[in-house]
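Structures for review follow.
Shared between the two complexes below is subunit A, which has subunit B as its partner in the first and subunit C in the second.
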Partner chain A sequence: MDPSKTPKTILEARNLGFQYEGAEARALRGVNFGVERGEFVLLAGPSGCGKTTLCRCLNGLIPHFYPGVQEGEILVDGSNVTSMPTSEVSRKVGYVFQNPENQLFALTVEKDVAFGPENLGLPRSEIRERVDWAMGITGTTELKNLAPYELSGGQQQRVALAGILAMKPSVVVMDEPTSFLDPVTAEEVMKAVDDLRLEHGITVIVVEHRLDLVSRYADRIIVMDSGKVVADGTVQDVLDGQFDQLTGLGVGVPRVSQLWAMLKRDGLVSGQTPKVVEAAAEKLGGKLST
Partner chain B sequence: MSRSFVTLRSLEGFKFYGRKTIVHNLDPRAKALFITTVFVVSLLFTNLYVLLGLLIVHVPFLLAAGVLRRWVYSIRAGALLAGIIFFANLLTGSGVLPALALTVRFLVLLTTFSLFFMTTSPDDLGLALDRVGLVRWLSRRWLGFPNALSFTFTTAVRLVPTLAVDAQTVIDAQRSRGLELDKGNILRRIRNYVPILIPLLLVAIRRSLELAEALEARGFPGREDRTSLYELRFKASDYLLVLGSSTVLAVSMWIFVIHPVLRLPF
Partner chain C sequence: MILVEDVSFEYPSGRGEALSGVSVKFEPGEFVAVMGENGAGKTTLAKHLNGLLRPSSGRVLVDEEDTRRTSVARLARKVGLVFQNPDHLLFSETVRAEVAFALHNLGYAGKTIENQVEKTLGSLDLTRYADVSPFLLSGGERKRVALAAVLAWEPEYLILDEPTIGQDYLQKERLRNFIVQLNSQGKAVIIITHDVEFVAEAKPRVVLLSKGRVVGEGPADRVLSDADKVASASLVKPQIAKLFDQLSRFGFPRDVVDVHRAKQLLEDRLREVSVHV
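This part shows the complex of A and B:
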């Protein structure tokens, strides 16, 4: 394909629905959205809203791994995920799971990062190159001879990310990648992911309840409830327009936005809801000095 | 408390520690031939001196690998069993020398396995298993793809420390709810462990499901011609060990067949 003609949309869900075998209700209903190359998308919503199910559809775990009835389709880079074998999908969509400890298989970091490329049957020189690259950009090179259980949670999650990146996917899906991490490490991991997107043009989809952690980086937020998309837009627009709906769903909106909403209710401030502390400080600073 | 300490210590005698000595660097396949030789020879002969000789052969290896101290732990762990073997044979009237010979045979087997596992990285062992045609064939027959068995082996080793942490968590949780593990007679004590085993089993099953998902995401099982970052290669020392082991093996078999007199031990 001529690179100048590469379509902007990397990922597309068309009227996607899914019902797990034996479940009473559908986990996903009529989900439609498209994601552009290099976008940082935040996926939020209450527990059981279908976020994880959606992620599983994106990398082909549904319907290959979880039995059930699927409707609609998911296109990655123009091809239908459902009809691709999972090993093929794993080259396009990388999936980083919640618990870092359950995604490391080898006895050293280096061999674990090599695991994916080995499965792809790549030549040794190419594996070497990818492993060194992936460990380099996730800052795990110094850990290469350590065993998984010798690593801290943050280090494990970085290694898990390196293992996915070594497969050179165009999209990385992360399902609550920070839930096993302390706030500082979580912040570091999100920063690393954002750098990756900016420098390597990788599309990032992150499931996260705590918007505080990601609102700084995300271009866009998709909010789900009961298997449907209930909000989709830039983080700024959704915070401005659907703030009450978000808090109603129990989405952990940034604390600074909450503060803003309270001040606004009392008529102390007005205008756009800030999504990061710096923006709020700037606006409030102006207010306080007058 | 002291009891669990002793158990852990004795396991040290079989646990791999990553070091780079000439013994650690030997190819697992060459080492496997070595332990097979020791195994076969020690079963062919009941002569005390042959068996003592086999035991002494291990000393330079233990020294070169720097694992002498940890080997002592494994011997200490086997001491009780060795004692039982000795006295059982003595009491059934085999005489002191044969009883001693059988005890030494046990120690030889213990030593050779201990040496193998202390100095062979499970990763290398997995790679070696992946190279054995029989393992690949069985693996394909039973599990559908050729590297399933070697993968199962390395993953099992990888998960031991993780499951140990899980077990400790479950034990702590049940103790904090008043479970008393060290109470009652031996049967009672075994039964005390049921509330530990059931949650532990559930945790392990759940973990295995998550591992399976993550495997899918990494393109496992991959292709028939799956490659690997590292490759096992025979070095001069490996050829030497293979040559030595196979010579000893061949000579022992020959002696066993044509000089049965040496079989008569003492």
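This part shows the complex of A and C:
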């Protein structure tokens, strides 16, 4: 396809609202945003703020599987998710659940990863290729003959991610995708996802409390509170302009940013808040060598 | 005290030893973090502490009782284990009923149960959800309900498997204060975690596991600032430790892992610098 003819916006929420059946309050209220193709968006906010509900809207689980009242609309690639069959939504939007056990069901890891591509009706050789590729980049190849229930939480999380990547969706939505992973593996997985984005133009939306893990990759952060969007901008701008609001909401700002904010409050440093260790070391190093 | 003595364990499915010659002890009132890579054997070790698993060789003594000769029901009064995944534990219709369940089983009187439930819900910021179904709550909230359900009977040793997963920063702060409070009542809290930033701030004693063996043990600032130790367990140094590695050329110590100590050290130096300018 001619890239100049592809619309830049891949996801759009227009005045989106949702109330679960039996719940007393709305989980989402008047949510508006657009996401461009190839963006890496971090979705943050206190526990219970509506992040997971928003993810469920993005891939059509809401309203197809969760009963409740929806307002507004959500568009993927220009089509309304609500009126698309879930099978079609799932080709475009891959969803990695918070709890990998909700996702894995096949008898072996390999079969689980192959399930998605098989259901897309792809030729056998293509399925083989995708499964090997997805297991390779998530480091799950050696687990291929094991049953999902035999795996540790972290291993399950990587297998769940492999299953989604094998579908080659245009958007990957990940709800705390590395929470069960040890830090080295977590960094490897985030790096692999970012490489995919850069190579294949996949759009990535990650729900994460820990900014330190993703602030290196994310172009943008959307912060939610009580079902509403309360901040939306580059990670740098939000760290600089809304730092106290972020910490007030329990967003885990990088420790080096926190340290900087404390020093800044005492008038000892000034300027942009560093979001990664290297930047903090450089800024402080500069100060200390004067 | 819980004494783990030269414990090895192999699961029946036989993929080699999950624990190999592990010796470690947990004292009353202590705060310990067991850290290590995925599959290091952390959860397997935790399940040995309340008798859910029994060693293939070696032994585990809980206040001098050998877990191989004691029922799980009896050990559970002393050793409470909160699983990583709250959905393995939750099943009641309301949060209140969930928290009361074990108290009923342990045979407490109605009034005691009521008081205990209210107290526990309050301390974990769950009172407003008392009459709600646990399954309507978010992942992070369900995790706190699972914790409340175990905490309600006040076990002497509390083991929390990955308690910070899905918790925002404020909830982590609350968890930390809560652990300090439990410690001050003489209760031991053992957390299993990958969360180096949480450990760097909360500063428990750290036990590092890798491939079923203990590869390091000591105070959090010493262990987490030791590059070799940290790498051996697939962890990464906390951000502040990485920063102080790079600042060591200005004469700063390397074993700084938490924001508050970092601030103190930098504050003094930055003031000197600004005076000279």
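Assume the second predicted complex is superposed on the first by the 275 of 290 C-alpha atoms of A that agree within 3 Å, B and C clash if a C-alpha of one lies under 4 Å from a C-alpha of the other, contacts with A are read in each partner's own complex, and residues count from 1 in each chain.
We take it that contacts are C-beta pairs under 8 Å (C-beta built on N, C-alpha and C of every residue); 3 or more make two chains touch, one makes a residue touch a chain.
These numbers come from a predicted model, not from an experiment.
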Would subunit B and subunit C fit next to each other on subunit A once aligned, or clash?
clash
If we overlay the two complexes on their shared chain A, which of subunit B and subunit C does A:Lys287 touch? Say first, second, both or neither.
second
A:Asp212 contacts which: subunit B (first), subunit C (second), both, neither?
second
Let me test your reading of the model: by the given contact rule, A:Asn119 touches which partner, first (subunit B), second (subunit C), both or neither?
first
Please indicate which partner A:Lys144 is in contact with in the superposed arrangement: first for subunit B, second for subunit C, both, or neither.
neither
Check the residue A:Ser152 against both partner chains and state whether it touches subunit B (first), subunit C (second), both, or neither.
second
Quick check on the superposed pair: does A:Phe180 touch subunit B, subunit C, both, or neither? Answer first, second, both or neither.
second
Residue contacts with subunit A in the superposition, subunit B compared against subunit C:
C
In the overlaid three-chain picture, which partner chain does A:Asn99 touch, first (subunit B) or second (subunit C), both, or neither?
both
Output check: A:Leu249 vs subunit B and subunit C. Expected answer is one of first, second, both, neither. What do you get?
second
Across the two complexes, what residues of subunit A are contacted by subunit B and by subunit C?
99, 101
Which positions of subunit C touch subunit A when the two form their complex?
13, 36-39, 43, 84-85, 87, 136-141, 162, 165-172, 194, 196-197, 200, 231, 233-236, 238-240, 242-243, 246-247, 249-250, 259, 262-263, 266-267, 269-271, 273-274, 277
Subunit B contact footprint on subunit A (complex, rising order):
59-61, 64-65, 86-87, 90-91, 94-95, 97, 99, 101-108, 110-111, 114-124, 127-128, 131, 145, 147-149, 163-164, 167
Sites on subunit A touched by subunit C in the complex
20, 22-23, 45-48, 52, 98-99, 101, 150, 152-155, 176, 179-187, 209-210, 212, 247, 249-256, 258-259, 262-263, 266, 268-269, 277-278, 280-281, 284-285, 287-290
Subunit B contacts subunit A in the complex at 18, 121-123, 151, 154-155, 157-158, 161-162, 165, 207, 210-223, 225-231
